[in-house]
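Chain naming follows the written order as A, B and C, and within any one chain the residues start at number 1.
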Amino acid sequence: MLMFSYLMATGITTGAFYALVALGIVIVYKSTEVVNLAHGDLFMVGGMLAYTCYVMGGIPYLPSLLLAVAGAFVVGILTERVAYRSVLKHGLASVLVATIGVSFVLKGIGRYIWGGKGDYLAFPPIVSPEPLQFGNIMIMSQQLVVLLAVIVVMAALALFFKRTRAGKWMQATASNPKAAMLCGLRIDRIYMYTFAVGAALAGAAGVLMAPLTHLYPDVGFVLFIKGMAAAVLGGLTSIPGAVLGGVLLGLAEQLAAGYLHSSFQDVVAFLVIMFALIFLPTGLLGARGLRKV
Amino acid sequence: MTLPVLVGNRSFLALLFGALLALPAFANQYTLFVGNLMLLYIILALGLNILVGFAGLLAFANAAIYGIGAYGTALLQVHLGWSFWAAAPVGAVLAMLIGTLLAFPALRLSGIFLALATLAFAQATQWVLWHWQSVTFGAGGFRVPPPDFGWIPVKQDYGIYFVSWAVTLGLLLFTWRIMRSRIGRAFVAMRDGEIAAQSLGIDLLTYKAMAFALSSFYAGVAGALYSGLLGFVSPEAFDLFQMIIQKAMIVVGGLGSVVGSVLGAALLVYVMEVLREFKSTQEIVFGALLIAFMVFQPHGLVVFMKRWLPGWEEPLHLAGGVQSTAPGHDTSVAGATSKEHASAERT
Amino acid sequence: MKRLSTTITASLAFAAITALDAQAQGANVPGITNSEIKVGSFGPLTGPVYIYGKLTMNGVEVYFNKLNQAGGVHGRKLVLVREDDLCKPEGAIAAVKKLVHDHKVFAIIGGGCSNPTLAARPDIEKERIPFHVFAAVADGIVDPPAANIYTTQITASIESKAQIQWAIDKGAKKLAIVAQHDAWGRARYEPMIQDFKRRGLQVVADEEVTVDQNDGTAQALKLKASGADAVMLLGYPKAAAVVIRDSIKIGYKPLWIGQTAIQDLPALQGLIGISGALADFVSITTVPGHPDNPQYAEWRKLLKDTFPNDDLSVFNLMGIAAAEVFGKVLEAAGKDLTREKFLAAYNTIDNFKSSIYPGPITCKGGHKCNESPAFVKLENNNVVFAGTVALK
């Protein structure tokens, strides 16, 4: 029973990781209909910037976090203006290749600047590194921080898209850019800010998860794949879907590792995806669209 | 006049393949090896372009199918003692059969959802290659005896090079014919509008299965040649990085263009070798080049070729990008269809 | 049209002739001039495991620079030519071919990843170019031995056997394994399983970790349930840290036995975060002590001079150590340098006390020059020597 409780708890906490990454992917997708393949590298950029400020530079934690998020935001704007702006109207395949290019550039820069410092860089957690007790199981305090962040971000994004005008503008742009332009929306600005906010979210996730994932130039890659899997499982346009997808993925991994064998941990996520998409081709909570002729 | 005979895509291909044939005369072993890899990538790009560029199916499983072809061929040689010449076709057919199964999810999924399902399949394949040790030897890879040329008096690396060359040329001509036939037109009809295609009597399952079968067969053939070329097969050669490179090749070359596949593959292999000089900063330069390609010519290099070389025809070139998304999305802004674009070009 | 078909026929004829022609080799020694020796290196410079290539090569370059400052070897300066293999088999084969045929290097000091090096081995043997392995640990690279391949890295089988021996020496009764099953992990895992079989010992738990895993709770739970009192850790620092951290979390504290990939104990402690996590932890080391120790101050300075962004790490030291032996062999080969004399000079390395490797280096009589695993542990945040084992 104890093992089950631990596996459930771990499933939820690792699921929170995937959910946080997935939320960033969803927000970009909701507005641009594009999956940013460089999202994982933006995660790394945020973490590395925070490392430079906090661990190397001695700046206190909160300013370091804000600086890292701001830095990621700026990188998001830069990549949009340089790489994506002119490519967005030319179709998905070209944009994907552009995002691949950005991914290589960011990873290469990360390796160049921070790569020689060691294989994995440690990042101190916000609170004590000692585990906390909850009933009869222990949880790392940083995992609770991430869990909290997921809830906060999910609520904030849901409110943003439902209640604010900017959120409505983004959804309008996604569903019909031409019509949005006709209504007077500056869609190029909207795309730019969407990518920037997505990048900032990735950067924030990078900083919050760094004490648990550690920092290295390729830290974003596997998290991005799993995060994208979670987002697609959730339906790609649904914010609660992203969180649900993430948690389900985390749970599937841990339960398979615990009750089958640890060698299944990595592949279960993908098996779950394949089967889920067979029965729910647009994900769990995705928009079940009408096919237009 | 005589000009269209000298230029245009057919002549370009003839020149390229002529040069590749003559390569062993001028090249050292290193250049020959790279040339051979280039031929393999041309095969892979041709197959992937059939699937993504012509048929509009955004699938991410090609690298895994490539691996199945390589493993199939090599394992038949190592476990059952078959010769390369017997194992290679069987390995390719095995890859084709497994790849064709992916047509079933392709019926229900489209766009990014299909991409993810095929990606999941690819990752699961990697996992199998790592863990089914009794058959695949696990992540450590294994050695394969080189193809035996028997009585033909040819050096090993020349032999595999000429075989690769001949196979690549054969597949190129085959692709050319198919894409100009009913099948090619059916693919493009499917790509440009599934519902319209169905109303024309095109059975989606048949043609999607055919698209997967063709691209998987090509990938399987490339895999068989890979095992013959390297003499060593291991899982990491067929990972996501490989998939990304293949995708980049067809987009840089031009989706929906046979010559575009060749162009993209040849160019990217050449670029990656040249970038060796940059040592550790290779990644940055390569990424920057990809971005530059997409910013200046997102529809692929064939657009340049069409503009500057008279006689270069690309009737099925996808100038608008693959259909991107979930059903219900208005794709009219995601890109023009090739017809619209082509007519815009001629004015 | 006619022009085209004629060209094609001519090319075909030409190609046919050249295919049947045997290639003549140059008589001069490649890579050597009166003033310099070109030494090639291949390994990952980009990609997730770039540290095994790039950083090790940085170390080699630092050592070569030091030799060059003192005038080189017999008046010739050493020039390092790097090639990226991307940790892929075709990358290594291409890199080796390029080094041999384009750059025409004298010898190669390299090999960052095991699989690619294994894939390139037939080419290296065929070219008879001297090859000194500096990082890859797979036994298959030197076993069965090739006349032109030597390694100063402790190979995977030696490390795996040593890990088991340590556990037994310390009185452990139930041994478990936590391993990565990628190519690197398998190179260690397979000899370990063989050694367990040879000893007639049972593995009470055999768990897998992946390189990027962020949580080791499932593995820790299985280990705890098996009652293992000693766990062989065959992982990179992140995987190891995650398993140890989550084991502490669930209250499981066995004897952890690591290997050279996790020999940087202070760094590992930092990754785990919980104080006292490595109280019951030993690891095999290529480097006695820690890169931050005063004995490595000279290398720290030299590294910073050449690579200002980097901090001295175990990987740099691995490169420096390998280059030191390589340099000694070059010295012993004499001024009248050929590849054959260079390879013969490896036999002069007998019980050589390296300034970095903990044990003696002996290339005489065998191609595995380094067969002495030493163990380290963490005491009051200092890395201290913990002992050795006697391997049969």
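Everything that follows uses one rule, which is that a contact is a pair of C-beta atoms (placed from the backbone, for glycine too) under 8 Å apart; a residue touches a chain by one contact, two chains touch by 3 or more.
It should be emphasised that the depicted structure is a prediction, and the values quoted were computed from it without experimental measurement.
Peer 1: In terms of C-beta pairs in contact, which of A-B and A-C ranks higher?
Peer 2: Counting C-beta pairs in contact, A-B comes out ahead.
Peer 1: Just grab the chain with the largest centre-to-centre distance to chain B, centres being mean Cα coordinates.
Peer 2: C
Peer 1: On a C-alpha centroid basis, what's the spacing between chain A and chain C, in Å?
Peer 2: Taking the average C-alpha coordinate of chain A and of chain C, the gap between them is 35 Å.
Peer 1: Distance between chain A and chain B based on Cα centroids, please, to the nearest Å.
Peer 2: 31
Peer 1: Give the residues of chain A touching no fewer than two other chains, as numbers and ranges.
Peer 2: Touching at least two other chains: 108, 111-112, 263, 266.
Peer 1: I need the residues of chain C touching at least two other chains; which ones are they?
Peer 2: Chain C, residues with two or more chain partners: 46, 50, 54, 181.
Peer 1: Using the touch rule from the top of the page, what residues of chain B touch 2 or more other chains?
Peer 2: Only 131, 280, 282-283 qualify.
Peer 1: Please output the residues of chain A touching chain B within their complex, sorted ascending.
Peer 2: Spelled out, the residues of chain A in touch with chain B are 29, 33-35, 82-83, 86-87, 89-98, 100-109, 111-112, 175-178, 225, 228-229, 232, 236-237, 263, 266-267, 269-271, 273-274, 277-278, 281-283, 286-287, 289-293.
Peer 1: Would you tell me which residues of chain B are touching chain C in their complex?
Peer 2: 5, 11, 14, 18, 21-22, 24-25, 28-31, 33-34, 37, 130-131, 138-141, 143, 153-155, 158-159, 162, 226, 229-234, 236-237, 241, 273, 276, 279-280, 282-283
Peer 1: Residues of chain C touching chain A in their complex?
Peer 2: Counting only chain C, the residues touching chain A are 46, 48, 50-51, 54-55, 58, 181, 207-210, 212-215, 217-219, 221-222, 225, 236-238, 241, 245-246, 248-251, 264, 267, 270-271, 273-275, 307, 309-311, 313, 315.
Peer 1: Report the residues of chain B in contact with chain A in the complex, numbered from low to high.
Peer 2: Contact set of chain B toward chain A: 52, 58, 105, 108-109, 111-113, 116-117, 119-121, 123-124, 127, 131, 195-196, 240, 244, 247-248, 251-252, 255, 280-291, 293-295, 298-299, 318, 320-330, 332-335.
Peer 1: If we count contacts the way the header does, which residues on chain A are in touch with chain C in the complex?
Peer 2: 3, 6-7, 10, 13-14, 17, 108, 111-113, 115-120, 122, 124-125, 129-131, 137-140, 209, 211-214, 216-219, 221-223, 254, 257-258, 261-263, 265-266
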